[in-house]
Amino acid sequence: MHVAKPAYDKVIFELSSPGRFAYSLPESDVPDSDPAALLPKEHLRASAADLPEVSEVDVIRHYSRLSQMNYGVDTHFYPLGSCTMKYNPKINEDMARLGGFAWLHPLAPEAASQGALQLMWELARDLAEISGMDEVSLQPAAGAQGELAGVLMIRAYHLARGERRHTVLIPDSAHGTNPASTALAGFSVVELKSEANGDVDLVDLERHLDEDVAAFMITQPNTLGLFESRIHQITEMCHAKGVQVYMDGANLNAILGITRPGDLGFDVCHFNLHKTFTTPHGGGGPGSGPVGIKAHLAPFLPTPVVVKRDDVFALDWNRPQSIGKLQAFWGNFGMLVRAYAYIRTMGPDGLRSVSENAVLNANYILKRLEGDYDRSAPGPCMHECVLSARRQKKLGVSAMDIAKRLLDLGFYAPSTYFPLIVEEALMIEPTETESKETLDQFCDAMIQIAREAETDPHTIHEAPVTTPVRRLDQTLAARQPILRWRPTK
Amino acid sequence: MANVPAELRYTREHEWAKVEGDRARIGITAFAQEQLGDVVFVELPKVGANVTAMKTFGVVESVKAVSDLFAPVSGEVVEVNAELPKTPELVNTDPYGRGWMLVIRMASPKDVDGLMSAADYEKLVADGGH
Amino acid sequence: MRYISNTSAQQKEMLGVIGVSSIEDLLVRIPAKARLARPLALPSAMAETDLIRHLRRLAGLNAGADDHACFLGAGSYDHAIPSPINHLISRGEFFTAYTPYQPEASQGTLRSIFEYQTMIAELTGMDVANASIYDGASSLAEATLMAHSVTGRDTLVISRGVNPLYRQVVETYVEGPGLKIKSVALGDGVTDVDALRKAVSKHSATVVIQYPNFFGSLEDVRAIADIAHEAGALLIVVADPVNLGLLTPPGASGADIVVGEGQGLGVPMSFGGPNLGVFAAKQELVRRMPGRLVGATVDVDGQRGFVLTLQTREQHIRREKATSNICTNVALCALMATIYVSILGKRGLRKVGELSTAKAHYAARELTKIPGVRLRFTAPFFKEFTLRLPKSPERVIKRLMKDRLLAGVPLKGFDRAYKDCLLVAVTEKRTKDEIDAYAAALAAAVA
């Protein structure tokens, strides 16, 4: 039964009233302020941009109402697999807003930016220690850019040794950014079959390893939430053929203080600060994707590199073999401050406790749900578990349906249909910041849905009914894209 | 129940070809459109372009996937379905009729011999389509 | 540990349910030789008050624009950030949400992105804008790849008026696809149109210019558009959207793609990041655009709603054939910009441009009264200009710091040909008093 609740349905333009304004700008205090006298006519806009005309109250009310239409970690359990939707500490927000950080221009003289450079240098060193890598670049703006940087460095490494290798091996369980970043770096992607539990198929790997392969890219723990236990063997197999091994660090939350990519034989790994290190997800970014490397790749790091000479911090541009730049400036500094504050808050024991509890929470969910949903693999999982809604699909209830029903029951849904190698996949990552009570409520809801799939699937197919809008027509949106607001005449 | 017209020829990538003299009319099969879901866009080459057998000539886009389109035969594109930009759903509703995509003037009519018969294609679909 | 809710009693309970005696039992798949045998060598945990003290000290070592008069530009600007923005984006439902994969529970984010897309399209004069790329430079890099994909051509013709840091990012991005870059020199601070005509050929995928350019000068976008189009190349214009409240939008002058840095639209400078990569294009290019797009649609009850659309081009579906590898955008920064544009509105954004250019022209006039100080170029400028100094710009900068003035960006590091030049930016925030103080200090410094 759909309870009709008038949802807020405005777009800011629809609140406009000609002449209303929300800004406060002083009058010009300099002489000769008429732009028509200062600039050639052809550079002056013929007609004003059609932008909103609203009051400050309109703005506050509208965006406050919009925020209420979102689920966020602050209000809901948000078990998106591989996204690590953990609590975002508020002290991090305060620290990022300190005047000397938020108001600092990137091209301020280095002598007047020592605090910022020191923070970056220390953070890079901390991430290197956490990952067992030798050096870290903080420049990439997000995980995908970190991947691109990593693959480009591997490319530069081979070229510097006089070798032009053309392919990169990637398992079929990988996140889509892996092959996309690889293709962007100019390589061909060869997809390797994974075993059913997401493990690397060693036979397939052996068959494909040759001197035309530049790199092997894997996620550890893998995208089914399992630790690839033969990792030393894998990295040795690769190195024997001169193949570099790249670790997608999306699942780092599982292994902090427990094991380190550098100790497993990886040559490169990237970090997702917006996952493991609590920088807020922001509705879809900004993220930050630092990349860590072993010493043999150091000449190829993006420029500039933050260095310390005696007690002075500086930007080192003298890197003739660098792969270049990923963004205009030095990295998403605002997010770096937050990650730094988090690492300092947790300390080494705290970080280890993070992973232990992340693993505990995921296994608890797995245990409570394994009676009603198919596991994707036997044995304990790490920080996330992947279930299959195969049983429910036979009753006509898909993973997507389950996700929608969860919204009505007060939870954001897990990831669905990833990894691709699991049918009707539901990838659940609770993170360490959730309490047992929340996990129990979630599991109770999932079990309830499993029952409803048997007795009352109609309720599931109708879901969601309590959200501001119900299921949306994706086909219409793609066939007749309306990508901007236009006034209705 | 597989919808596989007997008079057409097929590729492993789920395109069909209808021989019309020295030309071949091309589209995707009922099985393909079912797998794709609602088609939202079809990207096709222009008239005059050349296509090569078993190389991609365009893309068919649905809400959940994008699939490459493979030319069953080589030749020159002489006609492109002008209805598809406005009504891509024709690929779903009438894949063998109004959902046709290209007409190719075949460079080498022998290319057709390399294509699957309806019976073979039916078997492919029954085996899961791979 | 305040971020971890479960007590050891609860942990024990959970272990009991799972059927193991300790968390160690859950880590069995990790081989012993992989296990870290010592704690991480990091500083020990800091209490909040200690952390605040430590970070305040680090922040205090920096010359922020909150207590210095900032005349720095070159891609990051000290524009005023209206007070409501921080309050609104700090609402937990906005900043702790993630990508709107479940649109029914993300209408707040989706709706605001739809508004953002509309505003950027309006400002740039283009048909469609995406939900943002990481920054202006990566946006430009993505645009050049798109131009290559659309035209099938492999050469990029890039004016030397484009920010050199952006150009470096483009060089990095085109390494993989193996594209070539041809540079076009400047004449008196703007792209040399004759040189451009010679540089463009049937191999040119795109011509790239910046408006206003890196040196602050206003390019002749229309003339350059004509040259590009005659050769069958796309025109990409790099533009700062804050300026487009007053300046002619590149879309009206023939741009095919407009990219740029949206940081000036309410995003703190924050030592260079996070930023806001603006990306807008003509309608016929929409399916080749990288990045997320939000579209309007209806739900099962016929109610208006918003969704991520045209996603099949993106990495999570298309994988190695995706238009780009981009996954996150910079949603929170886009939200800041959306709120900024709502607050400034139709008239306010124009006024920001008017004030910026008025103050910049006043500053240029006052500073060039000083003997030996001259404008390097005669081309018209907007809110930034290049000064030629009779003394080393680096030394001038150091001296003016003592008066809490961030005097400008020295250009030697970008191009030795400009080693005696300083790039000065003036926004609506600079007061006449600040500018007069700058002039006095500069006069003393070069005397």
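By written order: A, B and C. Residues from 1 in each chain.
Basically, a residue touches a chain if its C-beta (ideal position, glycine included) is under 8 Å from a C-beta of that chain, and two chains touch if they have at least 3 such contacts.
Note that this is a predicted model, so its numbers are computed, not measured.
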item: Greatest separation from chain B - chain, by CA centre; value: C
item: Chain whose Cα centroid lies nearest the overall Cα centroid; value: A
item: Geometric centre distance via CA averages, chain B-chain A, whole Å; value: 38
item: Approximate Å spacing (C-alpha centroids) for the pair chain B, chain C; value: 43
item: Distance from the mean Cα position of chain C to that of chain A, given in whole angstrom; value: 19
item: For chain B, residues contacting two or more additional chains; value: 41, 61-63
item: Two or more partner chains touched - positions in chain C; value: 312, 317-318, 321
item: Multi-chain contact residues (two or more partners), chain A; value: 474, 478
item: Residues of chain A touching chain B in the complex; value: 474-475, 478-479
item: Complex contacts: residues of chain B adjacent to chain A; value: 38, 40-41, 61-63, 88-89
